[in-house]
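Right, I'll just put the structure down here and ask away after.
Just so it is clear, A, B, C, D, E, F, G and H label the chains in written order, and each chain counts residues from 1 on its own.
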Amino acid sequence: KGRQVVESIDENNPVIKMFLAFRQELDDKHDRFEKIVKHSRDITIENKRIIFLLHSTNTDVESKKQVVLEEANTRLKQIFEKNFRAVALLLKGFDSYQYQKAYTSGLQEFIEALVFYQYLTSGSFEKWDNINKSFQYMDNGDSISLLFPQIDYILGIADFTGELMRRCINDLGVGNTNDCFKTCNMVKHIYSGFLGIINPGNKELGRKTYVIKQSLAKMELVCYNIQIRGSEIPKHMLLNVIESTDVNTEDDEGYYH
Amino acid sequence: KGRQVVESIDENNPVIKMFLAFRQELDDKHDRFEKIVKHSRDITIENKRIIFLLHSTNTDVESKKQVVLEEANTRLKQIFEKNFRAVALLLKGFDSYQYQKAYTSGLQEFIEALVFYQYLTSGSFEKWDNINKSFQYMDNGDSISLLFPQIDYILGIADFTGELMRRCINDLGVGNTNDCFKTCNMVKHIYSGFLGIINPGNKELGRKTYVIKQSLAKMELVCYNIQIRGSEIPKHMLLNVIESTDVNTEDDEGYYH
Amino acid sequence: MSSDNIIEHIFTPFQESINSEQDVREEIRNIMKDIEKSLREIVTTLQIIHRTLNGEEISAACFTARSLFNVVQKGFEKLDSVIPEGQYYRYNDHWRYATQRLCFLAALVVFLEKGFLVDKVTTAQILGLHEKSRIHLDLEDYLMGLLNLATELARFAVNSVTFGDYSRPLQISKFVAELNAGFRLLNLKNDSLRKRFDALKYDVKKIEEVVYDLTLRGLVPNSGGGEAVE
Amino acid sequence: MSSDNIIEHIFTPFQESINSEQDVREEIRNIMKDIEKSLREIVTTLQIIHRTLNGEEISAACFTARSLFNVVQKGFEKLDSVIPEGQYYRYNDHWRYATQRLCFLAALVVFLEKGFLVDKVTTAQILGLHEKSRIHLDLEDYLMGLLNLATELARFAVNSVTFGDYSRPLQISKFVAELNAGFRLLNLKNDSLRKRFDALKYDVKKIEEVVYDLTLRGLVPNSGGGEAVE
Amino acid sequence: MSSDNIIEHIFTPFQESINSEQDVREEIRNIMKDIEKSLREIVTTLQIIHRTLNGEEISAACFTARSLFNVVQKGFEKLDSVIPEGQYYRYNDHWRYATQRLCFLAALVVFLEKGFLVDKVTTAQILGLHEKSRIHLDLEDYLMGLLNLATELARFAVNSVTFGDYSRPLQISKFVAELNAGFRLLNLKNDSLRKRFDALKYDVKKIEEVVYDLTLRGLVPNSGGGEAVE
Amino acid sequence: MSSDNIIEHIFTPFQESINSEQDVREEIRNIMKDIEKSLREIVTTLQIIHRTLNGEEISAACFTARSLFNVVQKGFEKLDSVIPEGQYYRYNDHWRYATQRLCFLAALVVFLEKGFLVDKVTTAQILGLHEKSRIHLDLEDYLMGLLNLATELARFAVNSVTFGDYSRPLQISKFVAELNAGFRLLNLKNDSLRKRFDALKYDVKKIEEVVYDLTLRGLVPNSGGGEAVE
Amino acid sequence: MSSDNIIEHIFTPFQESINSEQDVREEIRNIMKDIEKSLREIVTTLQIIHRTLNGEEISAACFTARSLFNVVQKGFEKLDSVIPEGQYYRYNDHWRYATQRLCFLAALVVFLEKGFLVDKVTTAQILGLHEKSRIHLDLEDYLMGLLNLATELARFAVNSVTFGDYSRPLQISKFVAELNAGFRLLNLKNDSLRKRFDALKYDVKKIEEVVYDLTLRGLVPNSGGGEAVE
Amino acid sequence: MSSDNIIEHIFTPFQESINSEQDVREEIRNIMKDIEKSLREIVTTLQIIHRTLNGEEISAACFTARSLFNVVQKGFEKLDSVIPEGQYYRYNDHWRYATQRLCFLAALVVFLEKGFLVDKVTTAQILGLHEKSRIHLDLEDYLMGLLNLATELARFAVNSVTFGDYSRPLQISKFVAELNAGFRLLNLKNDSLRKRFDALKYDVKKIEEVVYDLTLRGLVPNSGGGEAVE
């Protein structure tokens, strides 16, 4: 009878011995996964805050802008040096793809913030392989690299366009119309890039492409409005306008005339 | 122009001063919430493991059973003393209901494990107000209590019936048929209790009632099978059976004859 | 506890707790009905700003609104006596939305009367939430009200021009720019406040477009020393 | 990077990486088609256990299965050469399900031949996953195979009785009880393995019912010293 | 029409009509709260059939249920006076589900008391929907109740056996087979009733399996006046 | 009741009642097909307002619409004879949406012809729902039509300017402002009407912006010699 | 192309093609209504197998079913004349489900009459789909019918025992085992057929358990003097 | 039929037919992969219209698109040889969506090159679906393409203005108005085409607003041979 069998099973039973070893392996895996998830959550939150901070560079006071950018840079470096290093150490000697789901969302959010920072400082941003090369850490003399799938880079770029849309509309709000066109043009190119991707079975890409399309429509409307309003100088007002000093101070907006 | 306004805003601006204070308040709240969520995740995982452990008491070797139950008791106490204390300290002086969502899932899982433990040791379990009274901690001479909504108790009980179902079928597997009837009867009463609750607008309760119903159906089928098989002693076998020592050793199963 | 007295020990007390919770909710709902009636009346009263340039009419509307806020205060006083100690956040779904709208309206009245941003304490006083024992004004609700204010002011800027008031848009522009700068300081998580804040940029943009239209036509008043920009 | 060379620097390399991934997947799919063909043949071969009591027929079926496993091994050898270094878990959706089924079949063969539980290393050897450089036998897949085995054995216990073999259910009962005891030691999280394990209790229950039916009728063989229970 | 006239002639009367609809719904909700309380009590009361074999306890439960139905009848009487003429179908979402459950309970009580299928008129009488002026028992609701009955009886058949009552399942089997034959005659359209009917076959199958188990083991009572096998 | 009786007394009458319901629905669908055809024609006819400034063309379109409404009236007459007494709300899903669209169209015609807001009685007359015995014009459907009207008028305001009619937007602005004021008085519950009403503010805003555009450019008629306000 | 030409050359022909498709669908729906009526009658007729052991009654039911299939054949003849050339798969959603059910019923009749598995050509003949010009019997539908047959036979095996027929389950067991072996040979893709096939194992298991129950109790016919195997 | 016969006569031929269907699908998928590659390239190529005003760049893009359509034609030629006679609708899920996109792109190219609406025959020629034996251009797919065109043109109208081309929106407005008038004539049933058509009104409105903005500001070019305003 089953009951008697169960009672007779003790820790010397070979099956039980086997399973005790299995337990160890499964628990290790689960614990490691959970730890990485926690790091990923921390990374996500901090990156969201950095992105929020970066939006406050929307000012012409150069000194203010520099302060913010430097803070963002420091905090991004911190994430890279502290949080991602911790993840890399946890993955040392393990199959990275097995744990990739545990930190993919943090990674994407980091790319979004990093690329946004780079765009604001240089008007451009780094290629995947450059960033990928930098995901390298030293540990007791060993060099360990953190797995950084290209798809996470691309999905981070997709989210980045959402921030560019916010930036573009804010630019109009504070009068930086020049930047509106530049940013809109950047997103047009990214959108074309997404339209060209053939990756059957990846619904996430299709979903993100649709979101980019919507963001782009908003930006295009901003540029349209700048053009349509700027193009109109009522005939009877023309003289006033030419005399006005107000208008002359804004030649940066005049390029589209 | 907006741009000029933005440039002129500095940290002495009264609006900016106000918002700097708001930032502090919002960040505190968010951080506190996140910390509680992390505790809750830890609590959930540990309780799931305890429940798993408790299922291994399904043996007649009393000593083995006692070891497992003692371990479970220790670990439950540990959760209570360590993890929930941490949550209670985080909530000290704050509106508990505001953060309740952050630890509700951990709390329900804890109730599920605790009540399962109590049922296995005593065949019964504690009322809400008894458990509620024990959620009390001392901190620097202050007594602080952790908010324990009755609904979390009830939802924990609901999940507990799922474990009883597993237990009941395992009982049959190892031949503890006596316990099957006892456990099934317990769940019948709990199910009646859920059927009687009138709480318009709480869909969760309805969903759980449905799950209990399904578990109960499985248990009822177990009891049915015990009865139907046990009720049959083929006439031509009767003599053999009476002579068989096998059968005599199982009088605990005989009560339903 | 044997399985026979499960109903008695577990489910009966639970049903009682549900019932008493339902009773509290019923009372809250009744109080909120009255508050919401006043709220709707304040909204209707203040709509006048989109139909007239007349300062006196606007002052009169603010006056009426103030007296309606007195009624609201009585409502919240009642509410304070109904909510059990320490359970503000258990029930606040019932009044959160109305409170946000009321914050918006209080902020609008103060803007129309004085031209500056009402602070949180004053808002709580106007609504009758100040120094109550069991209810208070939640920061998020106050902030939500300010975001609603920006949207209303964008519309107000447009209609002011229609009625020939060219200085109002400049005042609004400065006011909302400060508000915007304030919100940018906050670390909002992905919640309803963040979502609502994301829409603020459209209001800022709309107002900026009105100011731009006026500037282009030389319609910006050169108000010496006064409220306007530069 | 200017906006003009975004396509060149970002999307072209990405498309290339997608294409090469697709190529790998195509190769994997082709290899798996062959492996799955052998898998289906092993399944069909071993179904004989539900139709006969004849030990020789069963031995023959095991023999055939063993030779089919040789074909499977060649398949996995190919697979090992196709998967890029360190990317087992990137692609393992393609072979996870088949591997689990093959573990089940290997464990069934060993149970039929020897009566004991095959260990993980031996299973990996039978499948051809042992000491490969890029692929290996995942613990979860091996465990899943064991759970499938229990289900098959429950059915086998029933059919054994039909064909008049009353000792087989006892052997199965002991075997599955040990398996069950082993699984109870594991801390499974809420994943597919946990879900599948939850179903194990029904197999145990079914087997126990068969043994009970036999006991009640005194049909349990009193095999002195042999394999059977007590 | 001038602006004031619009408000006076068009919108003011609307508010009244909106209010009166709201009032009707409020009254219905209150009435239904009471009915649902009794409904819950009947449900809980009748659960006893799954826990005991004792005929007297079951009779007592039926008796209690009957008196609770009296309370239900009073509820529906009130409802009848509240629904405006000809607007049964405007509001019946409020009571449809409860009515279906009550039909099920009435049919269960009659089955327990008398052993036969309650007809629609009697059901309407038990519920208090018979010969009312503004409300009535809808055909679909009665049928839905019968389908719910079949599911409950399948469970009852299983539990009866557990408690050693081997004649009950035969009674249930005959009863549900007739119900099934009746439903098969209907050409139901593709609605909720149809969907629910599709589930009937599982109940029928379950009950057939119980009868099978009893027959196979010779546990079917002799139709003579006696008790079950043992 | 014996098995045959069950079928005879319970299920056979049910099939008849199911069939007759099906027949009613089929008839309703056929009638609605005709009404919807006229509805589509009225829509197409009135689209002319977005393509021309010519008052006579618009008058002609209104005339055509009126004659198409006569056809609609015949349809509703038929419907009135088909709906069973007191079952308006059982079937009204079939015509609710079309009725709302027709209310919108009737209100548009009256606005184009007379410039004022049609009341509910007149709307019912135009549609042929006035003083019918079994069908009527539901308040919600009439209000929904008015909200649709506001959306159409917002588009009309934009296109009027394109065709050089600068006074139409002012007329529309006044009209929709009144409509808005009226709706604000209503305490709508949280249903589809409320949701649709929430969208009204976008129409109001759009129209206000058109008027703003005209005023800013001094294009508003009757404001003296032609220049802007100042 | 001018605007009028667009309408004349592009859209007017479209409406015609839309209308003609609608007409085809309407005709198909009407034909299917008749076929489904016969289908329902065949189902009801054959339900007798679960209520009797009497071979003659079963023969009579098969005979009736055969004559109802003649009606079905007329229906499909009509359908063949209605479907446009080459558009079988455009419209086959209308008849796919009914065809699968009819295949099941044809296979059941042949099993009851002759005891063997009907082949696809014969099934097509029984249904009236053989050698038609525009419609045909799809392989998937035939296979789906066979899987439904297995489920019905599992229920039949249970009820046969209840009525004391102990040889029927053995016949069914052999028959379904062969069916199972056949299906296992197929490499089905991951569609509805595959999903349905996965359910076959439950039917096989159910039937095996019935045979187990009989064997254990020595109820299997022709096993010598009547006692159990040993 | 004996067990072996069942397998030989019934199931073995099935596997062949299942395999051949799989093969057809595999071939279709491969062909569609190529077609979709060209499709993507055409899409990306034509995106240039949103980034430049330069007529020559646009012409060049159309030219490139035309040569890519040649590749598409070769793809559909292959497809025509792969689809079995009369099974267009069995497999057309594989190419339906791509075909709709291609219709849109063909219509866009013709609009950019010639300014008029491409008809269905020409579209079929551009795609390579004209006068094929087994495949054809489905009406719904062509119409879906036209609706997609309207959405793209609305975006194009906005961006044209941004780049200072004020005559393009007028051309687009006229074009889309005609498209709209055409679609309104159709009585679409409640399917995906109908749903997509409902979205057309947003495109129409968007374009009308662009024209409004231009007209209001006197930016509409004189229909004389000249350039835009500036």
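Everything below uses one rule, namely that a residue touches a chain if its C-beta (ideal position, glycine included) is under 8 Å from a C-beta of that chain, and two chains touch if they have at least 3 such contacts.
Here's who's who by UniProt: C, D, E, F, G, H = Translin.
Everything quoted here is computed from the prediction, not taken from an experiment.
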item: Steps in the shortest chain-to-chain touch route ending at chain G (Translin) and beginning at chain A; value: 2
item: From the options B-C, A-C or B-E, the pair that copies B-D, where over half of the contact pairs coincide; value: A-C
item: Chain F (Translin) on chain H (Translin), rotation in degrees - Cα superposition, rounded to nearest 5; value: 95
item: Residue-number overlap at the chain E (Translin)/chain G (Translin) interface, same or different (half cut); value: different
item: Chain whose average C-alpha position is farthest from chain G (Translin)'s own; value: C
item: Whole-Å gap between the CA centroids of chain A and chain H (Translin); value: 34
item: Whole-Å separation of chain centres (CA-atom averages), chain B against chain F (Translin); value: 55
item: Intercentroid distance (Cα basis), chain D (Translin) paired with chain A, Å; value: 41
item: Multi-chain contact residues (two or more partners), chain F (Translin); value: 181, 185, 187, 217
item: Where chain A touches two or more other chains at once, by residue number; value: 1-2, 6, 45, 58, 173-175, 185, 188, 192, 196-198, 232, 234
item: Contacting residues of chain B [partner chain D (Translin), same complex]; value: 45, 48-49, 52, 55-56, 58, 166, 169-170, 172-175, 222, 225, 229-230, 232-234, 237, 240-241, 244, 246-247
item: Sites on chain C (Translin) touched by chain A in the complex; value: 177, 180, 184-190, 198, 201-202, 204-205, 207-209, 212-213, 215-218, 220
item: Complex contacts: residues of chain G (Translin) adjacent to chain H (Translin); value: 1, 3, 6-7, 9-12, 14-15, 17-19, 22, 85-91, 116-117, 119-120, 139, 143, 174, 178-179, 181-183, 185-189
item: Partner chain C (Translin), residues of chain B touching it in the complex; value: 1-2, 4-6, 9, 13-16, 18-20, 22-23, 25-27, 30, 95-98, 100, 123-129, 150, 153-154, 157, 185-186, 188-190, 192-194, 196-199
item: Chain G (Translin) partner contacts - residues on chain D (Translin) that touch it in the complex; value: 36-37, 40, 43-44, 47, 50-51, 155, 158-159, 161-162, 164, 166, 210, 213, 217, 219
